[in-house]
Structures are given as structure tokens and as C-alpha cells.
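Naming follows writing order (A, B, C and D), and every chain is counted from residue 1.
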Amino acid sequence: MNKPAIELQNLRKSFGLAEIIRGVDLNVVKGERHAIIGPNGAGKSTLFNLITGKLRVSGGSIKMHGEPVENLKPFDISRRGLSRSFQITNIFPKMTVFENIRCGLLWTMGYKYSFWTLVNRQPRLTERTDEILEQINMSSKRNDIAGVLTYAEQRALEIGITIAGGADIIMLDEPTAGMSHSETDYMVELIRGVTENKTLVMVEHDMGVVFDLADIISVLVYGEIIASDTPENVRADAKVQEAYLGSAADAEH
Amino acid sequence: MSKIKGMILGTIMTGLLGGVAYAADSVKIAFIDPLSGPVATTGTNGLAEWKFAAEKLVNEQGGVLGGRKFEIVAFDNKISPKESLIQLQVAIDQGIRFVAQGNSSGVANALTSAIKKHNKRNPDKRVLFLNYSAVDPALTNDKCNFWHFRFDANADIKMDALTDILAKDDGIKNVYIIGQDYSFGKAVAAAAVRNIGKKMPNAKVVGNELHPIGKVKDFTPYARKIMASKADAVITGNWGSDMVGLGKAIIQAGYKGPIFTYYAASNGITKTFGAEGKGVIRLVAEGAINPPASARTSDYINGFEAKYPDHDISQARIANAAEMLAKAIDKAGSTDVIKVAYALEGMEHNSIWGGKVKMRASDHQAIQNVHIQAHTDENITHALDNSAYGLVKENTVVNAAMDSPTTCKMKRP
Amino acid sequence: MSVVKKVSAESNTTAPWISASQITPWILAIVFLLILPLIFTSGSALTIMNQMAITIIFALAYNMLLGQGGMLSFGHAVYMGIGGFFCVHLMNMIEYDNLWLPLPFLPLFGGLFGLISAMFIGSFSTSRAGTVFAMISLGVGELIAASSIIVVAFFGGEEGIGGDRTMGPSTFGLDFASQIEVYYLTATWLVISALAMFLFSRTPIGRIANAVRDNEERAEFLGYSQRNVRFISFCASGFFAGIAGGLFAINYEILTEENLNLATSGSILLITFLGGVGFFVGPIIGAIVFTLLQTVLSLYTEIWQLYLGTLFVLTVMFFPFGLTGLIAIHLQPYKLGKISILFRPYLHMVVPAVVCVLSLSSLLEIAFHAKHAAIGEEQMSLFGIGFNSHSFLPWMIVIVLSIGSGWMIRRIAPGLNESWDEANYVEPRV
Amino acid sequence: MELFFVNILDGLVTGLLLFMLCSGLTLIFSMMGVLNFAHASFYMLGAYFAYKISTYTGFWPGLVIAPVLVGIAGALVERYGLRRVHQYGHVPELIFTFGLALLIEEVVQFFFGKNQMAYDEPHILDFTAFTIAGNAFPAYKVFMIFMAMAVFLVLLYILTRTRVGMIIQAALSYPNTVQNLGHNVPLVFMGVFGVGTALAGLAGVIAGPVLGTFPGMAAVLGSIVFVTIVIGGLGSLWGALVASLLIGWLQTFAASYNIVIGDVLMSIGFSKPVNIDDGAFRDLWTLTVSQIGPILPFLLMVLVLAIRPQGLFGKRET
């Protein structure tokens, strides 16, 4: 129980000669909402991709619940209870909303590669899918093709797919990017709701969202974590102010 | 789903089965050979020859059984065994009882075994198979059956004749054998090795190889090997573009000796070889057209060329097949295939190409004169491919391989 | 490929095990298959129907790859062929080695051998999707087609391996000598295989195969290994292709090199695409149309492949969802209750369109005849009308007809477009 | 030893010829993402056009006119066919070219018939350039080598020294970016497709007299062209060159030496079964390398793809 949900030690990643992640140490405690912020090009997405298995690490270690997971395949990491969303909407555009969510459920509900069960004859599966649709307020779009939804709806659907499997670690990559104010507010509430009692790691640019949601904020600059603390302390951190917040605040206006 | 299926099926099937109109009492012969696709050229040529033979040699002579005409019905088998079997079924449904096919021994093999089974299972709709060109020896040996008749000299017979001629030439010491890697190519190679070993004690086989059929782009490396082997003669069963490619490569590599072939003429091949092939390309076949055996022969060829300027008499045995079938039907007094088959067995026929053709009863293999012909532009009465070049008879083996053994155990009904 | 993919099977409540709407098409299809030979009794009709059934199974199996799994294969004939070759060998073992195996179960073994070969080749070919998969399938297809000529012991060389289906133990008193018995056997396997493939698409792995096709990365982050998903789809497809191969062995009693070669692999791709890859019934329609074109059209014209090629290119250009897609786009106006708007413009279009197609093909036929027919044989007949292909008048008529009908089509087209838009117009939701 | 040298030259001719086809295909693929299945059909068109022209004017005008005609045909296909299909995605595009290959073969047969065409080398080059140990090397093949070299150099110049070349190069490496650079992408596509098919046509003009001009000529080359660019690495011109030469030599040397597989098996420790006629593998023992020469490239491709999916020189995987 006292093992951190995610533990990075001296994590490194280079592309050719360019070292993008330069020795990151980070602990994400179970049950906390953890935001990673940093200026553009700091390596946030790379860090995400390393943790979730999309990229291979160049050095260092990643542990989930104390077990090393670096260089495992994405599906392997997913099976260990980590689920993620993407910066660019990443859904199954040709399927219905219902089916999108159901895809997120199949593995964890034990269907795996089954070819002897029919999906629409599984009451539990259908019920659970409908519950999640309810949770993300998309029951009315149940039978719509995902590709024709509005952007905000697709983002919500993406969150739905991400949490569907019941993973205890949820990683969201810029969940509110490109949204209007009202949409953002809605999304924050949605995230807050669906990640209750779970570990949340998110990358986010919108400082409002970050300070609203996060218990702990880590600041990534040029591939290194320069601060990792509560929102108040981070806000007060001189290094952060200098390296990031000042310029980011300027840029927002 | 089923509705659509029904509609389409209904419309087309009705068209298929109802739409074929034919003359009331003609004797129909199904011509099942490739008429489309990359190897269709020999198929369309064969069809023209069949049509002309039926017209000139049978129908204009008064037909069979006192006036019934031959009618050639073409079926495109796309050189596919599967399609051949489907088209065979369609032909049988149209009431056709005589099937002619020649291109590809693979198809012939599929047809002969299908016809054998069909005749056993449907005694009321028996069919006769007139094989006018497929020369795999197996068809009149292990795989022979009562319903199959071969009018061409098979690969073994042609090789037997060829080596009879070769054995007379003391200058030939080194023979190179090359062919396509499939049953026919292998049969040619085996027959060549066997016959050379038997008849030509002073000669040796300096090369014997197979190349993939229809896949070789450039034959130059093979030509280099032939040059390196110091061959005095090359023997090949290649046909189509494999023949042209191989022949041109060998000539261009500097080879001056003879290349003995089975199929290096017509369908554009003669024209393509042109001057280059003169003095090099030889062909072993039945039915030589230069010099023509008689005025009748010449008339026949001229008539054909006038009607089909793009085609040639490249498969002379088709004329024999048509005439012999007509004779057999008349002799049998009906088109009942068993009677016709018995009438064909042992039949002797004076060929329009000169000489006699005898349908050997023991294996249904036609025994006839086989000639060695040269590709040249001298002494040509009937040229090929609308060019100045053609084939001239150099040597003849009378009744080639008349007494050759056969493994056929003919079962007669 | 998404246009009208509606998943009607999903209903809000938990569905009863079988609903009438789901089972009706199947019952209809079975009844249809049962009465078909009563309408078309001739041997050739049965042969062609058998050929269709085999092609349908093969095309459905192929669509498990292309349509459902997004895998483009240029060598799928291999699995059907290998299944078929093993079946012929089994048939010969029945005949000569006293192997006890009733013929009706033979296709199952074809399926198993197809499955085994797919497992073997899939183990390395499915590790990637896209071009890499396509090219490996091409390479493997070529290799196996080439070895079919070289390895005579198993493939029989160019002449293939033949057998006799009637030598097995008699099943229900049938010896399968007659075409009609073979037809019912083939039809039974058609229903079983089509149903199994339909249900497969409704299983978790079937759904995830779709997911991997659409977005392989996302599927990986949901716990599924894209490679395993592709491998399983590939094996299942190989299994059903093998069943088709077994049925081929029973029908033709011979398997040859053509069952493995690239031309066969290519035509199954054409068939599936022609029918429409996005629909379960697509390959079925494609298989029927293609078989008719290949087997029946070729009886009437030597240039049938020209028509086939043209049809194919036009289909890809104008109806990329295939012939089924053409039907399916009418579902929307039908559901909106506006299909009747289309009747009149369609009626206006039918005559010029038919005239245009017929006159253009007549033009081709006349030109072909004039160019390639024998000297002196200037008479030809089209649609029962005899005329001289070298004379001026027929040329004039077909040219005028094609230009005229083409001009009519151009004139009518805008009106048709308008009606089409109107028929598809959805009232904005208030 | 002399034979070895002759084989090197023969392989060079085959390889360079293949390269002329592959260079166009690679250009098209890199720019447009289309694996053009009809590429060999344009090669066929080139040979047939040139043959037709040569019957009126002799060989040389055909050398220029035929590729231009093929290029125009290619550009028209792109403009009125491919561009339409482009919007549906890559698989329909590929299938479109697949159908096009079928159609072109039929159209050619419609007009030219089904016979082999007597398309010949020009008379002026119909002599033996030199002889190595009794092996004649025709002047026409020397001409082929020079033509292929010239094509390669011109391509290299255009790609590395001209503005158009820069755009194409950029497209090779960053296929998605060029769209955003403000170039008239449809025009570039049409041009590249036209030039690519014209190159195939030129290859047809040159190869027609040597490899034959007949209805199946596209099918013989068909898939080998893909195999070559896949082995070389999609989108790499140098890769196409290296793979073409590799395959040229591979096929030449495979055909040149009668290595029996059975001997190879025995040399690595297998023992030949006594009763060879009965075994299921009887054919394997008597097989020679020259028998399987033309399928070796496919084997090579499967191996390369299984180990290195991006090909020998490829940077990106598609």
C-alpha cells in the first residue's frame, strides 16, 4: 500500500544525439491527482509515452506499484492497470459511441481474445458500457458513429474509453486542449468525477485546470523535473516562476 | 441478400441456358482453350484452324451422316483447369458430345480425368475428348483412357524422331537440353537424355536444365552457360515468350549451331526471330507446309491465309483431327461416342499434309510422319506471321515411333 | 469506409437469444438455397452455383482480413489452395489406403490445414500491418505458388493432384456422384461457414479486430496486442479459406497450381472489393457477380476481361464502397421515407443509361469484330441483330446512340443530383 | 573467371533496367503513397507504342516519342482517375492501380492482338560490341547500360540540383509536410506520376526488343518491381538502385551456376535418402539454384521484411 503508484528513477530518453528526458525522478502516490506542467518542448509527451510503453527508454527505470515496467509493450502496461488518453483525439472513428466504450471494457472484463462468446449476448458487458456512457453523459449519443461527434464530445468519449477498463492509474494527455471555457469547466468536472479513488496523472497547459484539479504538480523543464510539490508551493517556487510560470502567464494573454 | 442473389441469378441463368441457339442437327464440337489472357494467342489461332478445317474439309465436302454439318463452339477456359471443367459442363449441357482442347497438358489432364469420371457417372451423356495439341506422354500412357484421342505426336515421339535425325550427324558431339520447369519440359528432357544415350554413343549431354516457366525476364545467363558448354546442338521444348527470349539470348551470345525446338514458329515468333533465326532455329513437328505435299494442301493453306491473315496453319494436326472425326462418325453411322471411338481406334487416314496418320488402338496415340523443319526465308511457299520467313522441311521420319511401347492399359466399355 | 455502417444488432435492453429480425435473412437464404436447384436443374447451372458458393466462402474469409481486420493480402489463395490440396490427398487416402472418412466432413479438414498453414505463416507476417503485411503476403504467395510446380510430390506439378470423391464410405446413402448431391453438400457448408463468420464478427475478438483496423495504437492501450489480434483474425480467415479449398476439392476433384497462384489471390481481392468490403454481404454479392462475368459473359464475348477491367476501375472510382455500398446508400432516403422522390429521376435515367452502356459495348464489339474477325466473315450479330461490321451504318448507329445517350445523361444528371440531395435531406433537429 | 566477368556485365544490364522501372515507382510511391500496381503496364505500353512507331519511322523516334506518350497517359490517369480515388484512402488507390493493370493489358490486346510483336533492335546497334572468351556482348546492351546510367544521372541532377527536385526530396522525407508548403500539390502529383510512368515507358522502349514485346510482358515484371523497391526501402532512390543491382546479379548468378540443393544439403551434414523416388522431399534433392532463380527475390524480400521492415535503405515504415 505504501508503494508509489508510479516511480521513475533517473529516467532518460534520447533521440539520436538529442537527449529529451534527462534523468527524471518522480513519485506518484496512489490516489493522488498529479499534474505535469512545463513549457512547450519540455518533454511532457515523451515522458508520457515512456511511462505508457509507447517509447523505449534509453536509461533509468519505471516502476508501477513497485514492479519494473520499462520497455514493456503498451498492452502489457495497460493490463497492469494503467490507462491513458491522447493529446490528439484517438478514438475508433468508424464505430458507434457504444462500441468505443465497449472496446475499452473487453479486456478487463475477461473477454480477451474470446471467439466463443457474442458481445451483444453479454448482459454484464452491455450494462457496464451503459453505466460508463451515463457517467460521461453520452447516453443520448449511444448509437452515433464516433467520427461525426463534435470535438468536445470526442474528447469526452476518449476519457470514457480511458476509464472504461477500470484502471487504477489514469493518465490524461492535455484533456482540455482546444476547448472553450464552458467545455473546459465541464471537462474538469467530468475528470474529477471519473477519477475518484484513482491515481490520476495528467499533462495540461491550462493553469486553471491544473490548479483546480491537481493535488501535486510537477514541473518539467528541458527534460528535468525542477519542482514537484503542492499547488501552493509550486506557485511560490522561485525557480518555477522564473523558468516557466512567468513566461506561460505572459503567453496566456 | 437472398433477394438480390435471386434476381441476378435468375436473370443471368435464364440467359445462359435459354440464350444459346444452335442449328438443329449440326454436330457440335466444343473448343475449350484460352481465348483471353496472356496466352490466348495459340488458343485463338487454334480456333481459327478448327473452324476452317470444319468448313473446308467436312462441311464443304457434304458434312457427315448425309449432310449434317460440323459446328465449332468456342469456350474460353482462360487456361485454367477449373474454368475448363466449368465450361466442359456448360458444353455438355448444350448437348455437345465432342470436346477439342490442346493448350496446356495441365488442362488436358484435368479434362481427361473429368471426362473419364463424367462418362462413368453419366452414361447417357458421354463425351469424347479430341486432344489436338497437349503432348505430355502420360496422357497416352499411365493416364490414358478410352475417351481420349491424341492427334499430335507426343513429346516422346517427337524426341524419338529428332534423335533419329541427330544420330545421323556425326558433327554433333555436345548436346545442351534446356526447358521450362513443368511436366512437359521435364518430359522433353527425360526423352532427350534417354534417346541420346541409346542412339548417339559419340555424343554427350553437356547440359540439362530447367528454368521456371514464364518467370525468366532475361535468358542471357542461360545463354552464357550454353556457350561455355561448347554445345553443338541445343534442344528445348519452350513455347511462347520463353521460346523467343531463350532463342534470342542464345543467338545474341554468339551461338551458331542448331537450336531444336518444339514450338518456335507462328504467333509472332517467326517474325520476331526473322533474319537472326535463319540457320539456327529448327522445329520438330508433324505436318510440314513447305514444300506443300500437294496442290490440295496449297489451296487449303492459301484459303486459310486469305480468311485469317493474322493466323497461320501452325497446328496442322487439327485438319487431321477434323477429317478423322468426320470419317469415324460416318463409319459409326451415328454420333454415339462409343461407336465413334471404336471407329477412330486403328483408323488410317491419308493426311492433307502428305503421308498417313494411324490412330493406334492400344493407347489412342496418332502415329504419323514427323519432320525436322528449318526457319528460313528460302524456298518458302507458305510463309508465317505475314513475314518473309517460314518453315521448310529438312528431314522426315516416316511413321515416327510406330512401335514405341506404351504403358496404357486401355479399358473399353 | 464508414458511410452507412449502422449497428442495428445493438439494442438498449439485453437482447433475447435470437430475435426474428436477425434470423429472418438466414432462414430466407436457406430456403432460397434449397429451392434454387429446383429452378436451375442443368448440370452447368449446378456447377456454376457450386463455384459461386465456394467463391462466396473464400471471399467472406478474405473479407475477415481486408474488411474487418484491415489487412491487405496478395497471397490469400495459398490457404484455400493448401486446404484443397490436403483434401485431395485425403480423398486419395480414402480411395487407396482405406482411410475411413465420410466425404461431407472433408471440408472441415481442409479448414484445419488452412488454419495450420495460416498459423505458420501468420506467425511472422502479422507482426506488422499495412504495406509490410501486404508485401510479405505477396512474397509468400509467390514462393508457395512457385514451389507448387517444383515440389511435385505434394502439389503434382503443373498438372496438379486429382482424386475421386465417390470412393468414400456412403453417407446417408449418398455417394456424391451426381452434381445435385454435391450442390447440397456445398450449400450446407456455405450456410455453416457464412453463419460462423458472421458470428465471429460479433465476438470480442471480432470487434477488437475492427478496433485494431481503425486504430491499432488505441487498441494496444486498451490491453490488446495488435499483433495477436491480427494473428487470430488471420488464422480464422485461413481456416475458412481452407474450408473453401476442401469444397473446391470435392467439386472439381482436382487441385492445380492455379489454386495457389497470384492471379487467384488477385481476383479474390477484386471480388471482395467489387462487392464492398465494408459490409458482410459485400463479398457475397461480389462473388456472384464475378463468377457470372467470368463464366457466363465469356461465353458471349471474347473481350469479357475488358468489360471486367472497366467495371472494376469504374467501381473503385465511383463506388468505392462496392456494389453493396451502392445499395446501402439508399437506406438513408428509405429511412427518411423519401425514397419515392428518387423514383422519377431514376426512371428518367434508366433508358439513357442502359442505351449508353449497350451502345458503348456494341461499339467495342463492332470494332473488335472489324479488326479481328476472319476475312469474309463480316457478318456479326449483337443482341440478336445481324449486320455487317464493316459497313458504315452500324458504326453510325452505335456512335450516334452513345453520343446521344451520353448527352442525355449529362442533361439529366443535375436533376438527379438535386433529387438525391433532397431525398437525403435530414430536417434539422429542433 | 571470364564467365564471371561476363555475368557481372549481364547482371548489370538486368539490374539497371530494373532500376529504370523502380526509380519511377519509388518517386510515385514517395510522393503520393501509392504503390502503383500498374507500373509494369506502363512499361508494356512503352514497348508497344515504340513498336508501333518503329514500324513507321524506325527505332530512334520511338525512343523519344513513346515515353512522352506514356507519360501523358500516366498524367491523364492521375488527373482523371487516381486523384478521384485519392480521397478514399490508400487501399482503394492501390486497388485502382490493380484494376488499371488488368485494363491496360486488355486494351493493348484489343488494339495489338495477342501475338508476340516483332519489335527489334535498331539495325545500327545490331552488332557485337566485344567478345569475352567467346561470349558475345551485343552493342545494344552497351547502349542499354548507357541509357540507364544517363537516366540515373539526370534524375540525380534534378533531385539534388533543381527546385522541383528539392520539393520532391522534401516529400520523400516528410510526406505530410509538403502539403503545407503552399506548393500546387495536385500539379506536382500529376507531374511526378507522369514522369514516373514515362520512365517506365522508356524502360519498355529499351527492353522491348531484348526481353520481348508480348501481352504477358507486364505480368512477368509485375511484382518483381515492388519486391525491388521494398527490399531497397520505400522512398529511397539509392535503395532502389542498390536493390535493383542486387536482384540483377542475384538472378544472373543464380541462373549461371548449377548448384544442386541436394549437394548443399549434404555438405551441411544431411544424408541423402537411399530411396529418393518415394520421399515427399524428393524434388528438393534434385533442385538446382537456377531452377529457383526468379523466385529468390521474393525469398529475399520476405527475409528482409521479417528482419528489417523498412527495407535496406528505407527511413520510414509504411
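What we mean here is this: a residue touches a chain if its C-beta (ideal position, glycine included) is under 8 Å from a C-beta of that chain, and two chains touch if they have at least 3 such contacts.
Treat the numbers as computed from the prediction; the structure is a model and nothing was measured.
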Inset, instruction - Touching both subunit C and subunit D: give me those chains, sorted by label. - result: B
Inset, instruction - Tell me which chain's centre, taken as the mean of its C-alpha atoms, is farthest from subunit D. - result: A
Inset, instruction - Determine the centre-to-centre distance between subunit B and subunit D, using the mean Cα coordinates as centres, and give it in whole Å. - result: 34
Legend entry - Euclidean distance of C-alpha centroids - subunit A vs subunit D, Å: 48
Legend entry - Separation of subunit A from subunit B, taking each centre as the mean of its C-alpha atoms, in whole Å: 73
Legend entry - Of all residues in subunit B, the ones touching two or more other chains: 37, 44, 181, 212, 215, 310
Legend entry - Residues of subunit C engaged with two or more neighbouring chains: 1, 146, 150, 303, 305, 372
Legend entry - Two or more partner chains touched - positions in subunit D: 105, 113, 291-292, 294-295
Legend entry - Chains touching one another, given as label pairs in label order: A-C, B-C, B-D, C-D
Inset, instruction - Mind listing the subunit A positions that touch subunit C in their complex? - result: 52, 54, 73-75, 78-79, 83-84, 86, 90-96, 98-99, 102-104, 106-108, 111-121, 123, 126-127, 130, 142-143, 145, 147, 161, 165
Legend entry - Touching residues (chain side subunit B, partner subunit C) in the complex: 1-6, 8-10, 12-13, 15-17, 20, 35-37, 44, 48, 51, 75-76, 78, 80-83, 85-87, 89-90, 92-93, 104-106, 109-110, 113-114, 117, 121, 136, 138, 181-184, 186, 212-213, 215, 306-310
Inset, instruction - Could you pull out which subunit D residues touch subunit B in their complex? - result: 3, 6-7, 10, 13-14, 105, 109, 113-120, 128, 131, 134-136, 138, 210-212, 214-217, 219-221, 224, 251-253, 255-256, 258, 288, 290-295
Inset, instruction - Mind listing the subunit B positions that touch subunit D in their complex? - result: 37-41, 44, 181, 209-212, 214-218, 220-222, 224-225, 227-228, 240-241, 244-245, 248, 252-254, 267-269, 271-272, 274, 310, 385, 387
Legend entry - Of subunit C, residues touching subunit A in the complex: 1-2, 5-7, 9-12, 14-15, 17, 199-200, 202-208, 210-211, 214-215, 217-226, 228-229, 232, 236
